[in-house]
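Presented sequentially are two complexes of chain A, the first with chain B as partner and the second with chain C.
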Partner chain A sequence: MTSTALSEDRVDRQATPQRSKALARREALAGYLFATPALLGLLVFTALPIVASLILIFLHYDLLTPPKWAGAENVTRLATDSRMFKIYWNTLRLTVGVTLFNNVLGLLLAVGLNRAMPWGLRYVLRTSIFFPVMTTTASLAVVWRFLLTQDRGVVNFLIGQIGLDPVPWLSSSAWALVSAMIYDVWKSCGYLMVIYLAGLQGIPAVYYEAARIDGAGFWQQFRNVTLPLISPTAFFAIVISLIGAFQIFDNVWVLTEGGPGDASRVIAMYIYEKAFRGFEMGYASAVSFTLFIILIALTLLQFLGARRWVHYE
Partner chain B sequence: MATTTGTASKPVSLPKSYRKSVWLLLGEALLWILLIGIAIIEIAPISWMVSTSLRDPKNSFDLPPDFWPTALHWQNYVAVINSPDIEFMLFFWNSLKIALIVTGAQLLTCSMAGYAFGRLRFFGRDILFGLFLASLMVPATVTLIPSFIIIRSLDLMNTHWALILPSVTSAFGVFLLRQHFKSLPEELLDAAKIDGAGYFRIYWQILLPLTGPALSALGIFTFLASWNNFVGPLLFLRDWDKFTFPIAIATIRGYMGSGNQSEVLAGIMISIFPLLVFFLLAQRWIVQGAAITGMKG
Partner chain C sequence: MSKLQTLSHQNMSRRDMLRIAGIGTAGAALAACAAPAAAPDAGAESEPAMEPVTVIATTSMPVNTFDNALDRSMERIPGIAMEVNANGWGEGGWDGYSDTLLTRIAGGEQIDVIMIAIEGLRLLTAKNVLVALDDFLAGDAPANEILQNDVHVTLREMLQVDGKQFEYPFSWNNMVMYYNTAIFEEEGLDPPSTDWTWDDFLETCLAVANVTGGADDRFAYSFWGAGMFGMAAWYFNNDVSPLSDDWLDSNLLDPKVAETVQFMADLILEHKVAPSPEGWDEWAQFHAGNLVMRTCGRWCIGGSLEAEFDTYDIQYQPHRAGPLKTVAGTDGWGVSTSSENPHEAWEVVKLLSDTDTSIDMVQLGGNIPALRSVAEMPVFSEYGPPSTALFYESLDFAATVPSPTNFNIVEPILNRNYATIWNGERSVEEALQAAHDELQPEMDKLKA
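This part shows the complex of A and B:
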């Protein structure tokens, strides 16, 4: 580094054109060098895969024999894949369920935790509710599998204590998806709580003081101060919940293994199984692209719809 | 509030409805019940796991369940660690090694690119940064299949490189750190330049120390994501001696879960114990970090 040249140039802003050109070149060179490692990673493991999967859609490829041109076969097959539609229906129900419960619970828990309480109590409550977020989804799904066993499971024992019949949580098609939903809400609502808590703490206390002086009660304050001012946070939280929920994999893979039958199979599992159990790379790529399009469309729709309900100060 | 203290000398008569009404009390009571009830539900499965992992294996399925240890059968932990078929502590080492390398690499590559995109001017900068932003929209599920083919053609199947290389950088990390670098005052960098600092020194000695909270948040959640990663090992690893904790536990459950619940739970406890300790020590940062970054493990 010719530091003297650099510092002179900075002190004297009226540098000669040649010198500032040289400086700009050096800055550009530094820029490229600093960006290169991340750029390489992005190109090889995100950009290249996207291009590759676009190409794969038009191929038959089973990993062992060389790829064969498939034309639009993989795409037209999507329209007739009734199994995929059923699995999308499961995914949609799971997504709506977990997004709704996680966000409503997350917001209510945040409102509760944001109130005046002894420091120790706040610590215990926050720790208990947030800790499951940190744990491994696949491993805790093993724990929940034990808990939800029909015959000797803890959950059925506990609901038996209050006089209810045992529920076939994992073995009936009516309950398997509900179990996956319960597990996800248990695992993630603390995360949403933390996000909403950060949003609530950003609301200036003067608004609540003003509302109180105007005679607003608890509900009115929640309705007229908290909700409008938390809406940017809620928007962010709902977008990331939806995108995450559409891609749920570990949870169902371990908890119900998609069963019974296809009752709790979700789209990420279907893509994985088509690709790495059935070795239909082309068709699996076509299915994964439907997911991509749905997620993009959903995000755009939300950004458009957000104008109607998100208030920025 | 500093602005209100000055004018608050006059007593304000509050309207009647401000006094605690029945509805207000009811709302507050419900909120407390919800808060405490959920906290119990969140912690019960974990305390059940701790208690059951300490039971004598022959009682491990007995009801009623314990939510507080009634036995201290540490032998389950010893049995898992000394198991003849599987080297359990090897999973610990594998998980730790991969998570540390991935975290270090991401902090370095993301902060370097964040500096370039946030603080340096060069041709094509905004287009390249736009690429990073666009890739935030791409779900991992979509890149799964081509990534597998790439890893396979690089001959990295069944190696830890298959888990490390795809995570060497993250578009999100670049974005996060770029925003933080951009928000630092220009005068600070000018002063450094006047003192003769080169680009690397500005990055290393000025920018990095000033973005501690963002760096630690990114580091914590990158570590967690790697430690908890399940799809990667499921896809790329074949041999037991390469396994990380999540895939090892899901596999162990398959062949010994029905026989010995206590030992499987002891295994899970060992795998999440580092997270528990880490969380209790660094809870403040982790919770703040989750809010800053909008990431989860």
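This part shows the complex of A and C:
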């Protein structure tokens, strides 16, 4: 703020109470006007669908014929839906796996790229790692299916060259989820790398200089300077990647279609299946709400837990 | 001093600046939300021109199949602006196609003319999405004449529900065995005969396969591993079906179903002459000579034409028990109940089902035309392998692909459970029992 504006502001504050109130009202109005587009978007695209979804839980609705009252049928059905529990178990394993590996790999890549190196190499490396993030999932999945197919797949061919048996990457229940995890980490860790890189570049160099003067090596600097100072960034990255992982759909859809059987099916696919294949909008909404509640609970837990390990300067 | 003058003072504070910007932004947003003013009518004085009625058709086929039809429409039905768009297949075959279509219709999208095959027909009629064509046919003698005399009765009846004609047949498919003639010749094998058996087939597979896990692997046969149509080609040749004859019950516990599935699973797991279907690109491998035989309909000719691959021929599926059968399924064009211009839509249905459009499809290597007259034209043999006549002549012993009203539920259940057989995780009996346990309650809902 310039000194002129500051002095004018001070004069404003010293004006009569009536004028101050009028100014405050105008300021509030301006603030509301600024926020209105975002609020409208939130209302139309988030709040209303949530309310509609909540209402749908108590209805039988197939999109094409008028809805019928279902009472608590869709809710009670949740308790007996063994497929849903199996699919939640898949989702949980996938979520833990991709959140962990995306963040660890994203951080390591960011630390690596944050070191001194020729600008050309840095540019090439950053672009290469971020490139999968920019490419459409469907095109990449076609390539990965070619790579991972059991018979005549490129990866199995290479594995065979070192004398190992082919791995049923996409066709085995044990491996399908692992394949989906590998694909997601390869595709998404570049995004987290960028976030961590921004966090690393915000750490003042003086802290490292001080640490070096105190005789700290690379690992001690990383543990005692980098990690604490990057913890707000890490917290943000973990929260968004965890929520994103719970909502993974396209990566698994195009790679394994949830198979074999339900071995790699995740909850977002199950919600889609119930809503747009079975046209059971009521039950799909009930399943969606379980996901909604789980995500809220996990996010709250993370915020509570963050007090112990997130350090703000 | 007016307020405006105060705000326009050159030492304007940041708050004032923000206020103005906020008001300006809000004003711009409101202006953008407001309905645009009517454009000045340049021709207000002149006679209003008759706008053509837009009729939108949606199809399962590549939309370029209808490029020539669009050109012809301008001349033949000048009052109609015809559009053809593609409807997505979702994750599966006609089940995914039907789901996508219903979602589009529920979303309020204008779709006047609908292509659907028998697999999705009952679902669409149950949802009241299609208009019965009988009234149109009653008032259109030429179209009815073609339907009655140039379309095989089996195809015609496949697109009827409760005796009403809901779709005008356009094309159909059966499933035949494609085989690489060059490899057969190289291995000194005679072309398979019309009445070849499963034993003959297995013997052939063992003779042509060369699978060692290396870069030169050659598989004898591959199948989709999913899909009612592909599996029915095998079931029917063992005189069994996965559903009861009335399509109202599961028949998965019939021992012949298990026998059929076991035979197919053994090709992958025991004899190792077929690849695991997951991720396997049958088209590319067949054209590259890494796959010797595959089961497919006429539409696979399209891929071979594109790949300029012509060392192949076709034969009926190998046979096990009962009368020789082939699976068949028909698609056609129908009028949507949501169409505001059903009469114009009917004109489009006729144009998209006519001889010229059928020839366009044949030339692109698409399905078998429903019009017998087109299947008898030289062009039909010209764009196909030497034994291409098999495609149409099988109609006399074709059995309809099981197509219950809940086809979109049935097919995914079967596919999920088949997958656990092909990967060897469950025995055929376990997987079929699990599929039956899941399927039967869904079939019972049809009887409620």
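In this section, the second predicted complex is superposed on the first by the 268 of 313 C-alpha atoms of A that agree within 3 Å, B and C clash if a C-alpha of one lies under 4 Å from a C-alpha of the other, contacts with A are read in each partner's own complex, and residues count from 1 in each chain.
Just so we're on the same page, a residue touches a chain if its C-beta (ideal position, glycine included) is under 8 Å from a C-beta of that chain, and two chains touch if they have at least 3 such contacts.
Because the structure is a prediction, the values reported are computed rather than measured.
In the overlay built on the shared chain, the residue A:Leu107 is in contact with neither chain B nor chain C. In the superposed pair of complexes, A:Val266 makes contact with neither chain B nor chain C.
In the superposed pair of complexes, A:Ser53 makes contact with chain B only, with no contact to chain C. Judged by the touch definition given at the top, the superposed model places A:Phe157 against both chain B and chain C.
When the two complexes are overlaid on their common chain A, residue A:Ile248 makes contact with neither chain B nor chain C. In the superposition on chain A, A:Val225 makes contact with neither chain B nor chain C.
With both structures placed on the common chain, the touch criterion links A:Ala234 to neither chain B nor chain C.
Within the superposed three-chain model, A:Ala30 lies in touch with chain B and with chain C [touch as defined at top]. Greater residue coverage of chain A by touch, when chain B is weighed against chain C, goes to B. In the overlay built on the shared chain, the residue A:Glu209 is in contact with chain B alone; chain C does not reach it.
Residues common to the contacts of chain A with chain B and with chain C across the two structures: 1, 4, 27, 30-31, 33-34, 37, 63, 145-146, 152, 157, 253, 276.
Residues of chain A touching chain C in their complex: 1, 4-5, 8-9, 12, 26-27, 30-31, 33-34, 36-37, 62-65, 145-146, 148-153, 156-157, 160, 166, 168-173, 253, 256-262, 273, 276-279. Residues 1, 3-4, 6-7, 10-11, 24, 27-35, 37-42, 44-50, 52-53, 56, 63, 105, 108-109, 111-113, 115, 123-147, 152, 154, 157-158, 186, 188-191, 194-195, 197-198, 205-206, 209, 212-219, 236, 240, 243, 246-247, 249-250, 253-254, 267-268, 271-272, 275-276, 281, 284-285, 288-289, 291-292, 295-296, 299 of chain A are the ones that touch chain B when the two sit in their complex.
Residue ranges of chain C in contact with chain A, taken from their complex: 11, 13-15, 18-19, 22-23, 25-26, 29, 90-91, 95-96, 99, 102-103, 105-106, 127-129, 211, 213-215, 217, 219, 275-281, 285, 290, 408-409, 412, 415-417, 419-420, 422-423, 425. Those residues of chain B lying in contact with chain A across their complex are 1, 3-4, 12, 14-18, 21, 23-24, 27-28, 31-32, 34-36, 38-43, 45-46, 48-49, 61, 63-65, 108-110, 112-113, 115-117, 120-123, 125, 128, 131-132, 135, 137-150, 152, 165-166, 168-169, 171, 174, 190, 193-199, 203, 224, 227-228, 230-231, 234-235, 245-247, 249-250, 253, 257, 261, 264-265, 268, 271-272, 275-276, 279-280, 283, 286-288, 290-292, 294, 296-297.
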